[in-house]
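Structures given as structure tokens follow.
In the two assemblies presented below, chain A is common to both, partnered first by chain B and then by chain C.
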Partner chain A sequence: MQHYLEYLQAYGGRFVDGTLVTIQQTLLAALLAIFVAALFGMMRLSEKWLIRGTSIVYIEFFRGTSLLVQLYWIFFVLPLLGVTFDKFTAGFVAVGLNLGAYGAELVRGSIEAVPKGQYEACHALNMSYYKRMRRIILPQALLLMLPPWGNLLIELLKGTALVSLISVTDLMFEAKQINGTTYLSAESFGTALIIYYLMARVVVSPGMRAFERYWGKKMGRI
Partner chain B sequence: MKENFPLNLGSDAPMVRFSKVTKCYGELTVLDSLDLDVQQNEIVSIIGPSGSGKTTVLRMLMTLEEINDGVIYVDGQPLTHMPKNNELIKANEAHLRKMRNNIGMVFQHFNLFPHMTALGNCMEAPMHVLGMSRTEALARSEELLEMVGLADKIHEHPARLSGGQQQRVAIARALAMRPKILLFDEVTSALDPEVIGEVLNVIRSLASEHSLTMLMVTHQMGFAREISDRICFFYEGKIAEEGAPQQIFENPQNERTRQFLSAVLDAN
Partner chain C sequence: MKNIWSKIIGGAMFASLSVLTLSTTPIAADELTDRVAAGKTVRIGFSNEPPWAYPGENGEPLGFVHVIVLGALEKMGITEVESVVTDWGGLIPGLKADRYDIITGGMYILGSRCENVNFSDPFGVFADVFVVKKGNPKNIHTYQDIKNSNSVLVTGAGYNIVEFARNEGVPSSNVMEVPGPTEMLAAFMAGRADAIGSNFFAASLLVEKSNGAAELSDPSKLPDWALNWGGIGFRKADTDFLAAFNKAMGEYMGSDDMMSKVAEYGYTKDTLPGDGQTAYACANR
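Here is the complex of A and B:
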């Protein structure tokens, strides 16, 4: 115990730095994932085959191939084609695009789960597609998709650990570095493990549940 | 495309005309060359066995279903067609939206918006479809909710209302759009027996004003007889018999009508 406290005294600052980078990566990747999920999830339901097809290709590609390979593509291969990202940007873009593809399926599924009668009521009241989606369907779909989004955001948080492989100085990167100089593997990776766990279970899950309750109340659910 | 149908029906047209309307689902012909007129402010009840196409008639009028053949006219204008070069072609979205404003519908399962209060349900379309001001939409909605007997429930969400109350909100919501034609599809079928009366009372008071054309699919034979100007008996996608309520209920001419009525009246 004494020993671990000394370890923390020496390296705690770097774990904090790493954690802050992981939080930034998670927030930016989550914003991108939500945007991508909303866009491709709705495109997936379009009546126009070109729009629907584009969405299917996107979702299939990003779900069907590995996040790590996508990350390397974005960081190492795209520059050869003239598109260059710094490593921080490449990191959250890869994670956001990948988890966004999973999110798109959640968006699609929850829109489809809104009862048909809601669409018919909108139609009978002569609402346009845009008004119908924005004011009636999406608010209800959001309530249905919040629980699975909670899981997805935890996956996303854990997925950001991969960005350490392109040297983004996140929590995982710091843990590896410290391990490399101290050879205290149990302490280094144990600490990282605990911090990831706490972020998931103490921040993300309760946060999502609180938002779910808030939205549920707003939606008139008792 | 449609050579034998007039582009419009002129000034003394009925409020609704089905002209040789056919509807199929795949192989199944649900409505077969249906002709049906409904006059302005007339109240017509549609009765008949399950699967005879009653709901389909209302859903086509609400443009929830496409028609396969024939033309529907509303207030003299084609509903799902529009004139071009002296012919009727498939209507575009702008035409459909203009025509749809004439028609409102009340559903069997209410279909209220669960995330809005009773008031919000009624104000939604007047504000966001008709572009009415909040003040005006609020005044109209409050007045209508009071008319259906829910003045004390305007701030409740649907989940906190009984079935009968929800259906009355749905009627107020449809009326808030000031339709010329109001469609009712078995609006009491999903309700507990003890609250059916309160919904029928609302419809009864609407009927007594005679300022709205009403088409009603119902299994409430006594009610249909009481408020309707005319009864249409549907059998296998056709109108097997139609006439004044008294004639249909007391002296049906068609064997099918007699069978149906005796079965329904026995069940009650």
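Here is the complex of A and C:
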């Protein structure tokens, strides 16, 4: 224990720097994922085959290929085609686009799960598409999709660990560098493990549960 | 309303398609000289390979390769460099993708690599060696020994050792590739591999870290082609900068300043490349 405390004193600063980068990556990737999921999820439900088709292509491609391969592709291959993102941007863009595809299916599924009676009532009240979506359907869909979104956001947090492989100095990168100089694998990776767990258990999970409760009260369901 | 939307979307898709097709030509890498003339920093790409090239606490470039590279760059008037640390296997792809400007990982000049990058004049001549259990119970000194004793060899992904082992007939299932030195040692210590294949300098460090559980094999028992020259990697297009770098490095190599700075990493007069030529190494390794 004494040994571990000394280790933390020596390297704690670097772990904190790495954690800050991980948090930044997670927030940016989450924003991108939410935007992409909302956009493509709703496009998936369109009656026009072109819009629906585009969304299906996007979802199937980004869900069907591995995040690591997409990350390497954006980092190594796109510059050869003329599109260069710097590594930090490449990182959260890849993670956001990939997990956004999963999110799009969540959005679609929960919109479809809203009871058909709601649509009929809207029709009876002569509501336009936008009014129906904004006032009735989407709020109920949001309540339905929050639990799986919590899952997805934790996946996203862990997915950002892969950006260490394209030299982004996040928590995993720092842990590997420290391990590379000290060879103290148990302490280095153990600390990274604990930090990821704390971020998921203490920040993401309770945050999502709190939002679920708030939204549920708003909908009158709790 | 319906018609407008399909027109807008149709137009957007046509526009993006044309942009994509027009821009899918391989990007001509900017001449590194132009970049330097414009005042931008030279980005050096390396991995975590002590004592060759590795990052310090704040990412500063350490190791004997960096002593030589930074000394040569200083002679060219370049003092600002930016370190980019990545994993070994990603060094050449990263250079080609313009993520950094030169590879200072300390790469051996191999024919397969020469097809993708240009190398500077050699900065040293190096021997490979194996790290084996104390007492060398399987008597491993050459690749043939590894093949005949059906041992598992662990080495880094992208290391020359992988190619050499394959050429010598060691089955691929017995060659374990891991990202770098820490993983190599971990695999060996956990009993997942019987021998570590690496260069003499790195292997000596691994033996130190093993706390007496390992020793080095005899490097003199390996054939001539196991001796390799190390070079600095440049993009194929950056020929002008490479010529200037070779000139500067030629002046710096062997100087008192250099030899005193590389001594702490174990680099001695015997490591100097002598008459070694990059072209020879490309053709014969």
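As a working rule, the second predicted complex is superposed on the first by the 222 of 222 C-alpha atoms of A that agree within 3 Å, B and C clash if a C-alpha of one lies under 4 Å from a C-alpha of the other, contacts with A are read in each partner's own complex, and residues count from 1 in each chain.
Just so we're on the same page, contacts are C-beta pairs under 8 Å (C-beta built on N, C-alpha and C of every residue); 3 or more make two chains touch, one makes a residue touch a chain.
Every value quoted in this text rests on a predicted model; they were computed, and no experiment measured them.
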item: Side-by-side fit of chain B and chain C on chain A, or clash; value: fit
item: First, second, both or neither for A:T65, with chain B first and chain C second; value: neither
item: Partner chain in contact with A:L165 - chain B first, chain C second, else both or neither; value: second
item: Partner chain(s) touched by A:A121 [first = chain B, second = chain C, both, neither]; value: first
item: Chain B versus chain C as contact partner of A:K218, first or second or both or neither; value: first
item: Contacts of A:K131 with chain B and chain C, given as first, second, both or neither; value: first
item: Partner chain in contact with A:Q140 - chain B first, chain C second, else both or neither; value: first
item: Nearest-approach distance, in Å, of chain C Cα atoms to those of chain B in the combined model; value: 10
item: Partner chain A, residues of chain C touching it in the complex; value: 5-6, 9-10, 23-27, 48, 50, 54-55, 57, 59, 84-87, 90, 93-94, 96-99, 180-182, 185-186, 209
item: Complex contacts: residues of chain B adjacent to chain A; value: 62-64, 97, 100-101, 103-105, 107, 109-117, 124-125, 128-129, 157-160, 173-174, 177
item: Touching residues on chain A, where the partner in the complex is chain B; value: 115, 117-118, 120-121, 123-128, 131, 135-136, 139-140, 143, 218-222
item: Chain C-touching residues of chain A, taken from the complex the two chains share; value: 14, 48, 50-51, 75-77, 79-84, 87, 165-167, 169, 176-177, 179-181, 183, 185
